[in-house]
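The two complexes that follow have chain A in common; it is paired with chain B in the first and with chain C in the second.
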Partner chain A sequence: MFPTDFELYKPFFVTGLALGGVYALSGVGIVVLYRATGVLNLAFGAIGAMGALISWTLINHTSFPDWASYLACIVFGGLVTFAYGVIFGPPLADRDPLVKAAGTLGLTLILLGLMSYLWPPFGRTMLLPTSNYSYHVGFAGVDVTQTQIIGLAFGVLVTFLVGAFLRFTKLGTAMRALADDREITSTLGVPVRRVEAAAWLGSGLIAGAAGLLLSDLVGLDAVNLTFLVISSLAAALIARLRSLVATMVAGLAVGLCTALLTPILFWPNASFPVAKYQYASPFVIAIVALLFLARRRVVTVARTEG
Partner chain B sequence: MGFRKVAVALALLGALLATAAIATGASGDSTAAPVGSGKQTKTNSVCGLGTGKKATGAVIKLGAIATKQPGTDFTDIPNMAKAYFDCVNNNGGIFGRRIQYFIETEQTDPGQIAALGKKLAESTKVVGMVGNTSIIECAINHKYWEAKGFYVIASGIAPECYGKTTNYSSVNMGPRYSSDGAVQYVIRKGVNKIVFDQSNVPGTGYIKAGPIAIAKAAKVPIVTFEDTVPIQDANSVALKLVQAAGKNGGVVLNFTPDQALLILQAAQKQGIADDVKAWGCSTPCNSDFVAAALGTVWDGKFGVNAELSLPSKPAPDSKLYRQVAAKAKLAFGLGSFSQMGFVEARVAVAALLNMKPPYTAKRVNQAFVGVTNFHTDILCNPWYFGKIAYHIPNNVDLTVTPNKGKMVIAEKCFKISAADPDIAKVRVIEKANPQLTKGKAYPLQG
Partner chain C sequence: MPARGVRRGVDSGAARARSVSPETVVRAILIGGALAFVLFALPVLLSTYWIKVLTAVAIFAVVALGLNVLFGRAGLVSLGQIALLAVGGWIAARFLFLTSLPFPVVLLLAGLLTAAVGTLLGLPALRLSGLHLALITLMFAGVVAIVVPTTNFPNGGSGVLGHTESSLGSLAIRRPSIAHSDEAYFRYTVIVAALMFLLALAHVSAKAGRAWSAIRHSEPAALAAGVNITLYKLYAFTLASFMTGVAGGLYAGNVGKLYSYQFSGARTIDSVSLMAVVLMGGIFSLWGAVVAAVLQQLLPALLNDWFAFFRENPDFLFVIFGVGLLQVLVTAPEGLVTQFPRDMRNLGRLIIKPFRRRSGAAKGPP
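Our next item is the complex of A and B:
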């Protein structure tokens, strides 16, 4: 029987927003780079994961101050993404978007291999200091940590800051122009490579920051963090890789939807309840949304002979 | 621009090398003190013969197959076995012969597992299998090992590792019987409902049959769940379990340590850890890594079924285990997984030292199956192989709980309930074959 008791769902609104914040954060990071360079960066999760592992190592095995270790994660994200963009961006600039995306998949696999070699899986946890402080949400009867709030706020902040940057600054306008047509932008005198490098660096810094937050929110697992990008892609696709605000909203919606399916444990039946397929929901939502957005009116054209 | 590219490439390479250096430095171990040498006595355990001299003779090849995939990594077991074999090789080996150990990893692909078994037996030409720990290896390869006359000293998971075949004997009791023990713990805590959650991997039906039988015998309602690993949304999983259990209920987890930890930390962060009466977990949670990561909030609140003793136990085998583990490449550090590898390797070495050459597959496996009444302070009861129909030699265990970052004993050795029909069968076999656990202890050095 379908559970209709609203009390059952209340706490999942909170966990759903927290999960949605995670999807939104990753999704926005992906769309930022896509809007600026036309590259779908599938290595977004792997870069953040490796940064978080470096940070974890510095905290647990060196005398590095914690703040410097966290900073190392963000800097690593920026440097690796920047280096990839500077080296592989120009040669791939004229290629099909699919080829560009496949290039970042190569980076993903390299980083994943390195992480497997340097940090054999499991046995690590990242607990940011902000996770020691929590607030009780009376409505849902659960606590939320500061990290969860920061994760959500960071996604929102990045969305609006990057949106404003792309819209109102000269560099942002150049980035948007680049994504639309690299050749024409170049002929207009825009320093194409410098602008692209800035976009890669910015996206990398977001990847590093997101990796740090996600290592606490989702768990410090290289594979999990790397492939989290796939669920986040659903949010980006719903927004058609265009609107940052739509990506954020879609991320939150996907997170909420996934979490709210959790208590549906025995419907339509106990063997195959809806809850069992909750992690497929981002893709189901993305497919439905894309089909809806791609709908076309049927136009009938008739030709009169004679 | 060419120079720029080179400079950037060099910078990237430098960053990656620095990362490698950090990570390698972190996992490195500069201590090189010889371990495992000396005289084997009741108060001192040594590696094999304990001569302190490196074996240089012909090799005796042994093999292992372990699962290693996202969300499930059992390689600590063969990695620890390897560390013990290395220690034995550094202490006279098997009367001068060296043990060469081949570890293969698999990703729950039946074809791959079958191929690995054949590769080890027919190409690598191992003469024995020690340390197998896989979700489905027993189910896939047991007929092959039977046909080859191999008796596998393993850490079992699938039912074929215990009751449905005779040529495996495991040092652990596996997820089903360990979950039984965890369920017994929460029942003793007085819960009025049990929620049992496990990772969604092959064999969940077999595993949950035990807890269901035990809860039914105790007349406590039980609800079971399977969650996909790696867990993406631990908060929702924790909430689901707590909601399902209710205020006077108990939650029992059967996951690898990292995944269980995610759920427990999620419950802690959401402030719902106290919303149930008791939390339990099967053996994988018995790790100081879990205790340290959980902090003191869970001290005394979380009971972990321990199929093996505490890694910190002040006893000779446990002391040697800790010394050898310091040389091993372990993902989870000291804990049940590495203890299993240690005991399996120790049993295999004792069997090899108690047989006469030549070390052919046939003779080595006869030696393995001949091990009975093997004493170690890492297990509650003596371990055995023997030619019997059911092999669950580890059916008495204890409960541990976190305390200031370490696991401590919460309940001393207790029998896994014979309400589980598999355990009932084993008790009958043990009664009919007293030599399995009674009489003269199996000699360690021949």
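Our next item is the complex of A and C:
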């Protein structure tokens, strides 16, 4: 069954764009950190998940004002990422990118273990106050919640803000220099450690914000949110971990693709339930994109020999 | 660096061809003795529960061995080994229900077909950097984790998937005819695992091992030295996947029934924790794979037995693995296998030091 009625797809355009916006947001956070420090932060999702769980606890079990609880999620993301970067960044600085990424998997394991201990899995829901307001878009005939608008707008806005930051500020220029050549940058007198710490902090704040939005849009589940990072990674990889705008576009595309598969229950025949595989689409897209982008043979030369 | 690695390999190969050193003989006897103890004494000494746990250790030692060879020798990382284990288990279960082929033949088939899947997965390795490859395998793990709950595992049903929803129609996966009991299956598993270690050893200490070592140290240098990079990178993937496929078959026979929740989305973390324990065990020695399997399978069982805390929070173990992984990466890239004896030696020296000084002072001239 391949529904050809366009009406069926309409609501999924909205969810897809909102989700894609958050994928773009996470993707940008990942790419900026990778370019500035050479670390691919695979704990991005776990950090956001734990932040969201903390803010869930603050909302439901304390008398904290709601806005402070949401802020706590973002601040937690910033602090944990910053702390990891300051502690484990320098000792791993001149190791292989693979080892640096593996280190963040260590952080992922620690956070996941802590989350399963502190918040034993049972149905929790996070409803941001912005989800209570929805608008009816007349010409398209769909309902859009404020959270969905924020998801998309935030993704696009952060992409361009970060792009402008990298281009026009001194710190941003230093980060771009670091991305190009660390040794030359440090000989030019750029305080490498401090610039890196700033990148960790900024990327962490983005992780917190993305976790908060995803906990509303997708659901508040530690493991699920942790591995949602793979979807954002797919976007970042399609952009070859370089261009921010390409990351954003890829993020939106991945989000749209995933969501638009929802109404296609079976295709081409009853033995292939497409909708059940919809969440595999980011991975498939990324694998295909990587294979396509890597058509040319490259001999990699390791910079440092162990 | 690469030249030294290659030459060392050639030297040891030549030396071995001339004569077998006494050290090797002693080591072989020790390993043989340990194997005999495991095969004949343990099944008598331990209860069925612990025998099942140790069977799982033996199976995961083979999985860890695959990653150990891939990572430690060829310098390639796969974060999708548990997904490949699921593939191997699925293939083995399908053949066991579909045909009446002997169990070892099915194991071999599962190994070969999983090797084909793994080789396809390894194709990007030829063109991408190690980091991108690790991510592709992580995405493969993600895909498998999503596909498995829908396709499910064969349990005697009909059709291509061989899965039936009815609990009455479902059957247990058969074990080899010579190893029906848990004890016998344990021995069977240990012997197959030992064969896999021999297979790995045969590769590591031969031409393939030297080629991988050269590639790991510097691809351009390996290329210049005439190593067929494409072939050997793919071959590392094929070998690791073969081992994982065989382990999948053993796993299927051990548990009797495979359930999708064992490999579904939430368990993607197992591939990650496998990498953590393999690194903790040590990737530059094949023994590291045994240590890794003990950490991943025996340690949780022991902790469950000893502490109520771990019975209630089994996933808390991930915190330990995460800390261990970071510790290994930052301070001890060689892993427990090398680090632990060294630490013990240092500790011993530290304890002996004061005594030695005192005795030295007593002996000294007045």
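Heads up, the rule we're going with is that the second predicted complex is superposed on the first by the 286 of 306 C-alpha atoms of A that agree within 3 Å, B and C clash if a C-alpha of one lies under 4 Å from a C-alpha of the other, contacts with A are read in each partner's own complex, and residues count from 1 in each chain.
Throughout what follows, contacts are C-beta pairs under 8 Å (C-beta built on N, C-alpha and C of every residue); 3 or more make two chains touch, one makes a residue touch a chain.
Remember, it's a predicted structure, so these values are computed and weren't measured experimentally.
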Quick check for you: in the superposed arrangement, does A:N224 touch first (chain B), second (chain C), both or neither?
both
Identify the partner contact of A:A280: answer first if only chain B is touched, second if only chain C is, both if each is, neither if none is.
second
Answer with first, second, both or neither: which of chain B and chain C does A:F76 touch in the superposed model?
first
A:H61 contacts which: chain B (first), chain C (second), both, neither?
first
Quick check for you: in the superposed arrangement, does A:L291 touch first (chain B), second (chain C), both or neither?
second
Does the superposition put A:E183 against chain B (first), chain C (second), both, or neither?
neither
Determine, under the contact definition given at the top, whether A:G103 touches first (chain B), second (chain C), both, or neither.
second
Considering each complex separately, which residues of chain A are in contact with chain B in the first and with chain C in the second?
114, 120, 223-224, 276, 279
Residue set of chain C touching chain A in the complex reads 1, 77, 79, 123-124, 126-132, 134-136, 138-140, 142-143, 146-147, 149-150, 217-220, 223, 265-266, 268-269, 272-273, 275-276, 279, 313, 315-326, 329-330, 333
Seen from chain A, its contact residues with chain B in the complex are 8, 11-12, 15-16, 18-19, 50, 53-54, 57-58, 60-62, 76, 79-80, 83, 86-87, 114, 118-125, 127, 131, 134, 136, 142-145, 148, 218-219, 221, 223-224, 228, 231, 258-259, 262-263, 265, 275-276, 278-279
Note which residues of chain A are touching chain C in the complex, please.
40, 88, 91-92, 95-99, 101-103, 105-114, 116-117, 120, 223-224, 226-227, 230, 233-234, 237, 273, 276-277, 279-280, 282-284, 286-287, 290-291, 294-302, 305-306
Residue ranges of chain B touching chain A (in the complex, touch as defined):
4-5, 8-9, 11-12, 15-16, 19-20, 22-26, 70-71, 73, 75, 225-226, 228, 230-237, 239-240, 243-244, 256-258, 261-262, 265, 269-272, 289, 293, 329, 331-333
